[in-house]
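Shared between the two complexes below is chain A, which has chain B as its partner in the first and chain C in the second.
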Partner chain A sequence: MSKSFTGKKKNGEMTSETSSAPISSSLEKNVSILKEIFESCDDIIFQPTQIDNKSVCFVYLSEMVNNQVLYEIDRGLSHYSTDANRGFTSHIRQQFPLGTVNELSELQSVVRKILSGHTILIVDELDHIFSFHSTNSTGREVTEPTTESTVKGPKEGFVEDIHTNLRLIRRKLQTPSLKVEHLTLGQQTNTQVSIVYIKGVADDGIVNEVHQRLSRIDIDGVLDSHYIESMIKDSPKSPFPTIYSTERPDRVCGGLLDGKVGIITDGSPFALTAPSMFVEFLHSGEDYYDSSLASTIIRWVRFVGLFVTLILPSFYVGVTMFHQDLLQTPLLIQIAANREALPYPVLIEGLFMLLTFEFIREAGLRMPKVFGGGVVTILGLVLIGQSAVQAGIIGPLMAIVISVTALTSFILPNYEFHQVIRFCGIPLLLLTGFFGFMGTIVGLMFGLTHLVSLRSFGVPYFSPVSPARKEGWKDVFIRAPWWAMDTRTPGIGVENIDRAGKGNRARPPKASKEDQDEKK
Partner chain B sequence: MRKSKSFKWMRSIYIMGAFIVVLSLTGCWSADEINNLAVVNLMAIDENEAGEVEVTTVIVKPHTLFAETAISGEGKGQFLIETATGKTVFEAMGNLSTAISETPYFGHVDAIVFGERAARERMLSSLDYFKRQSDFRPNVLLLVTKGSASDVVKSPPQLNATLGLEITNSALLSKFAPVGMVEDISQFREALSSNTIDATTGVISPAKQQGIDVQEDEKKTKSQRSDNKGENQQDIPKVLSLNGTAVFKNGHLRGFLDEPDTRGLLWIKGELQHEIVSLKCGGKNKGTVSLNITGSKSQMSPQLSGRKPKMNVNIQVDADIGQVTCSDIKMTTRQIDRLNQQLEYLVKQEAFSVLRKAKNQWQTDIFGFGKAFSRKSPDKWDQLAPNWRNGLLKEMEIDVNVSANITRFGVFKNPSKANESR
Partner chain C sequence: MIEKGRISNIQAAMLAITSLTIIGHLILLTVVIHQSRQDGWIAAIAGTILGLVGIISLVKLSQSFPGLTLIEILFKHFSWIGKIIGVLYLIYFYIMVILGTRLFVEAYKLIMDETPMWAFVTVILLLTSFIVYLGLETMGRLNQIMLPILVIIAIAVVFMTMGEKKDYTNLLPIMGDGFMPVTIGSLSVMGWFGEFVILGMILPYVQRPKKLVKTGVGVAVVTLIFFLGPITGPIALFGADEAAKMAFPTFSEVRYIEAGEVINRFDVIAVLFWTIGLMIRIALFYYGLSLGLAQALKLNTYQPLVIPLAWLIGIGAILFAKNYAELNEFLFESYVPINILMGAILPLALFIWGYKKRKKG
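Let's turn to the complex of A and B:
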């Protein structure tokens, strides 16, 4: 495995060595070098032709270029004649609209352009090569994000094409302070990665850190933003995500306005924002578009949901195995009646049900849509739960507990976070099964200690709660109305910058002097 | 470099593995599955003729109690009632547990009922057991019954799932009324061990003894009769009621106060909040004015000036009018004043009646006079305390002042009449 990897690496290096050679003015030599580089690439097309006695050659990748653009290039060039008293270069500059044509003088960039779908025009006796922008941009259209749907707010989501994604961000933040820096990652994929931030809002130290961490990446391919995420995140062994990955451009822009740095990867509809705090994973994009009161309540519902997902199964197990004193008498008798003839201890029941739920969930996700994944999931849950209870393997309360847990876990708005919290419930369940509530508490303490010790690009993961930064609490425990959100979340970007004026709150107009006189 | 790193990994995996193995070896050592518990709901403690303790436990049979939701099991009785004897409560419980297939669990005991004889002889020693057993909650109700306690706990619950819940509910409902003198075990223990006050608790007895007629749906009676075939149906009361007070002295039951006396006790303590009192209309009128007592307050002011201690008790009673059956009565201010005076007289009578009984006859300080003295001057109380229950309490003079206040009669002053004009 490692051998083949180094082989690939060498291959890549060799290509870059040959391509860094300067362009010669001989058409044939250039073509032969390119043909050597693109050996056995049957989809590359070399099309030698004559334009008014000048021998030229078009080079392009047939699958990557737009035929319409090719036709337009051809037509634009056909007007050229040597009689007109001007050079080839100036003709092209005049004939083609701004930005569609580049002049290249290095072989390496020529290869890069060909690979990204440009059409190359090699002209004899010229020491530079023209590249026409002809990329066939047939990707997915901008649609509603599938993983983060909201009722209110913008409905557009990122797509795979990085240019579209950058456009979505640029359109929201129309300022020259929005900086976009391109990088290329992956020896074989040559994936374009862009670092996006607002100069003067984002902390320079964090921007540099992102640069540094990205430039450290040495891998053959980057197929999704998660590759990058796992390679640049702090404390890589921690299960908790410390970089937020989102499909929503508005979410990225909100982060940028808070002083975060966005990382956009070509080929992935998920953009990354860093640094990210724990509380962010409990915030939905919709929080900021709904009324303050509604968002605050829903935020608390999510906090409760987080705890329910974590500890409801362990709580039930603890109460039935160790701490019966905590139950009310009628409930105790009820549970005892339900569990009278059950063969397995409640801990085994809980593990069994959790596992069953995971089976059903995974099956529903992976099942081809033709079979109706969602329907099967619901049917499976209902049928298996019901019949397991009727067969006397599972207590009905355990079925309720696991169903509620499964349901509440989906309250968590971020998918990665949802996964982690769901799986954290299992060790807690085991601890409770062995040690009672003592185990639960110890497990939760360990978890909390771990969370508090985490950092995301130097920013404490639990801030602004711990370390306490009270000015940030207006977006943690509540979602303050927008007129009260006059400062940014502390600790992320440049310190002490107001995001809004103080007078945004609507007030009755002050009566002017004339009005008062009239009243008199 | 690489080798040492993988070694580190392996070691952490080994440690994890060892941890899991050790965990599974210990197992869930203090765990008790809920279905392996015999949930004791009520306990009755009696003393039999031979002087041994007789402990009766009422154990819930969950699968018969909630037959609809239970997975299996059909049974006739909803409760398993077992009685065992022993020299002590603990020994009796030990004997009892041999006849119970699951671990007896006392965390949900709602009430402990003492028979009269057990309360007279074994109160202190039994309380020791309940204190040492950590299962018991400190808010278990403590009740005394005249006669045999085991008969009382055998009665079936009527409106709640278990009899324990029924007793708890009725005790809660009648708090601050003459029937709601029920104390929980921690309060009782505190009063019992204090030298400034004597312990009291509520009395429970079959409702029939209180002149309340209990009749049940025909069907239910039949089915119950078939359930309890062979048992002596007569002894088991159908409905229980709380009434009166059991008075303790030096850790033993001293006597019972009936309802008017209990009312007197509550007047003096200023704790009465729900009660109905009927006054005569006066004159030739044969009807009554029924008053609803809405609250009472009392203030004890002890005086230590002379050789003998003296006590002033000021009682304030608030009432409103519940029902008027007098034929011709005008609710004028004078009339209200007259009713106030009548009520004051009644309160004074009842207070003196209970003082005669508890203070003079039994020499028990259930009113908390001692507490008032000890609060006023703790040093002097220390001198008084040794002789408090040996004469000092009896000799103490008590002045009772009552001020009654009938309010909230509103505009609806006069009794309802037939043929009233518009």
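Let's turn to the complex of A and C:
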């Protein structure tokens, strides 16, 4: 039995004795147990009533249920009479649509159903309790995802409600092979977590591993999918994300088709897909909806962007401090003239500017909307672009370098990844300040060594580049046209990686017989 | 088994290629140009063929004891003589690691002469300890990513130095000084290929051990191809007499490039090559040393040895030679004989001995 996370045993907590207790057939006893469990919960309603001489009691949380449904339940039950010569249970089964009623025989599940917004009907002299699906689903509408917007492709994004999210996935993958397994995590939050995968495509070992890692989680509450992510990722100390979190159902479905396992958490619009490779964090969902050529070019722009973000400040520091002879003379003179009057070493300048950028960024995010984010941006621009340079604290070139770095960091499509890469620039900058370009390269090699040593659910993080699986390269360095994407990314799912027929490429019709005759 | 990771044959080959190529470009080039002058390229080809003796006997030795590293083979199957040879190999690996570390320092001293030696030693040993600590798979993958990048850059450099400044008639006359210089040069190249013996620590961990002969020959051919450019380039650019006097001829060659009006000097490329190439080389021998020592001491894991060995390597690298002249002396006088002994003669002898032993048994 897992440890409890409350200070002392309160009535509200399900102790091991009460939770597994079966339901008694006495109405009064059941109600009194429930009342004890829900002591001081003023929002719970116990509504005893009579249905054709049978004493029953409705129990529900007033804020969680939909009143319309309550009314329908009431109406459905009012038709019942003992004369009809059938039991109460079969009456309910006939009267209510499939799937809206459950019969429960354990107290623990009854409590859980009440908490998730179901209406409970306790009937005297029955050894089970009915629960009616009456959850009041007031949540966000399905809207365009805010963190991953695209020009082309589907525009819907996940919302907080897990049922809506599962619906979005089911609607795209209409196959019985799409398996959905529910789990409940968090002792206080009892959050529903669903594992989704396509049977026969996803590797069974990985599905089991996900299952195991999830069921090992023992925590009081799960408020966002990131809680889960950080607890199930392979290398807990690594800053790099080895599980992809996305707001886009199409991205999740694409992952599932590749043999990945999706994890959807109630209350979080971010679904997780695992295993995830490094290159994926440089792919945007839109890559797959645009033409092959355009996507390929944009991918390379991102690769370059990644490098610029990482090393541009270091490069500038290295050039001005150690390797002046690298530049052609006019540019060197320009830089030297610029830097002549500046009081601080270029390394300090760089660190100062990076810090300033972080300030502006954070202020722009946290500032109450009333003030308007634009104010910060303008302030920042004036501060960086003009004042610091004019006051002679910062060289104009450094201002350009940091601005470009800040800009390119936003090329990276995944937010988590963007965060890590942004901060990686700082140690690189320090190393370069001490050792010149050798420091930069050593720093990059440290990072790369760490990256290639990572695994995501047993799959090497840098596959299919290294270890090399060249079937996967058509979705790494380029984005092959769809007619050429006849295999899944190797190494993730099952061994057989065929995903499409070989004849998907449209070809001009063969020359007709008459043409061939003419040629002869 | 201490090492649980497996690498592909290609990854193993790539490790050998990087390790051999970087040492070839940094030091062997100087030796061979000095010995064979403009006939260096003939010496390289002849030396490669000689070098195959060591490579193939090592591979065969490894194949006849599947799943065992060189040190394990020596300690388990060759009685007390094997144990002595095993210790010799460990010392040899140690010397090769400190040689790599020292070369890293010397190369950087050229461009950053104010930075103290221990700073460079610390940086490279921290990095390589990290790699060795993470194990063979990490090293193989890291190299698999970096080697293609280096090759692409190297090809770009070759194209950029191809301008009219190069005069390939400097390579004539062929065999102008008789056979002797070529013979000596080819022995040096053979000794260089003797470094392949470090793969004895890795070969048991490849995925397809049966195809290793092909892998070994592939390594020799590719390394030779990578070596032909640098051995002809400096001679074509500076002439045989000038090139023979240079400490790092490739570096001088790279410094000569000008890519139009954009970038003047290509020191950075040299820096990139040294750092990454020597990193892989040091890590490879360092790994062999740690693993071999752990196996000789019958430990369950080699990781606890990594940090103590780093200290020993660091001290060794600093005490190895007083200055570059002394290091150069070692390279010219001792490097080739040691490598021919450890990389060709001993593997061949061990293979024959092992073969006879198995025939008897």
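In this section, the second predicted complex is superposed on the first by the 487 of 520 C-alpha atoms of A that agree within 3 Å, B and C clash if a C-alpha of one lies under 4 Å from a C-alpha of the other, contacts with A are read in each partner's own complex, and residues count from 1 in each chain.
Please note the rule applied: a residue touches a chain if its C-beta (ideal position, glycine included) is under 8 Å from a C-beta of that chain, and two chains touch if they have at least 3 such contacts.
Note that this is a predicted model, so its numbers are computed, not measured.
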- Have a look at chain B and chain C on chain A after the superposition and call it: clash or fit. fit
- Message: I'd like to know which partner A:V442 touches here: chain B for first, chain C for second, both or neither.
- Response: second
- Touching partner for A:F462 - first (chain B), second (chain C), both, neither: second
- Answer with first, second, both or neither: which of chain B and chain C does A:V346 touch in the superposed model? first
- Message: Output check: A:Y80 vs chain B and chain C. Expected answer is one of first, second, both, neither. What do you get?
- Response: neither
- Task: Pick one for A:D325: touches chain B only (first), chain C only (second), both, or neither.
- Result: both
- Note, angle between chain B and chain C viewed from the Cα centre of chain A, nearest 10 degrees, works out at 40
- Query: Where does A:Y415 make contact in the superposed view: on chain B (first), on chain C (second), on both, or on neither?
  - Reply: neither
- Message: Quick check for you: in the superposed arrangement, does A:F46 touch first (chain B), second (chain C), both or neither?
- Response: neither
- Taking the superposition as given, does A:I335 touch the first partner, chain B, the second, chain C, both, or neither? first
- If you've got the overlay open, could you tell me the nearest Cα approach between chain B and chain C in whole angstrom? 5
- Message: I'd like to check the shared interface: which positions of chain A are touched by both chain B and chain C across the two complexes?
- Response: 322, 325, 327, 329, 436
- Query: Which bits of chain C are touching chain A when the two form their complex?
  - Reply: 7-8, 10-11, 108, 111-112, 115, 119-120, 123-124, 127, 130-131, 134-135, 137-138, 140-142, 144-146, 261-265, 267-268, 271-272, 275-276, 279
- Query: Which residues of chain A touch chain B in the complex?
  - Reply: 320-322, 324-325, 327, 329-330, 332-342, 345-347, 392, 396, 430, 433-434, 436
- Hey, which residues of chain A end up touching chain C in the complex? 322-323, 325-329, 435-439, 441-442, 445-446, 448-450, 452-453, 460, 462, 465-468
- Would you pull the chain B residues touching chain A in the complex into a rising list? 23, 26-28, 30-35, 37, 39, 41, 60, 62-63, 65-67, 69-73, 105, 107-108, 110, 137, 161-162, 164-165
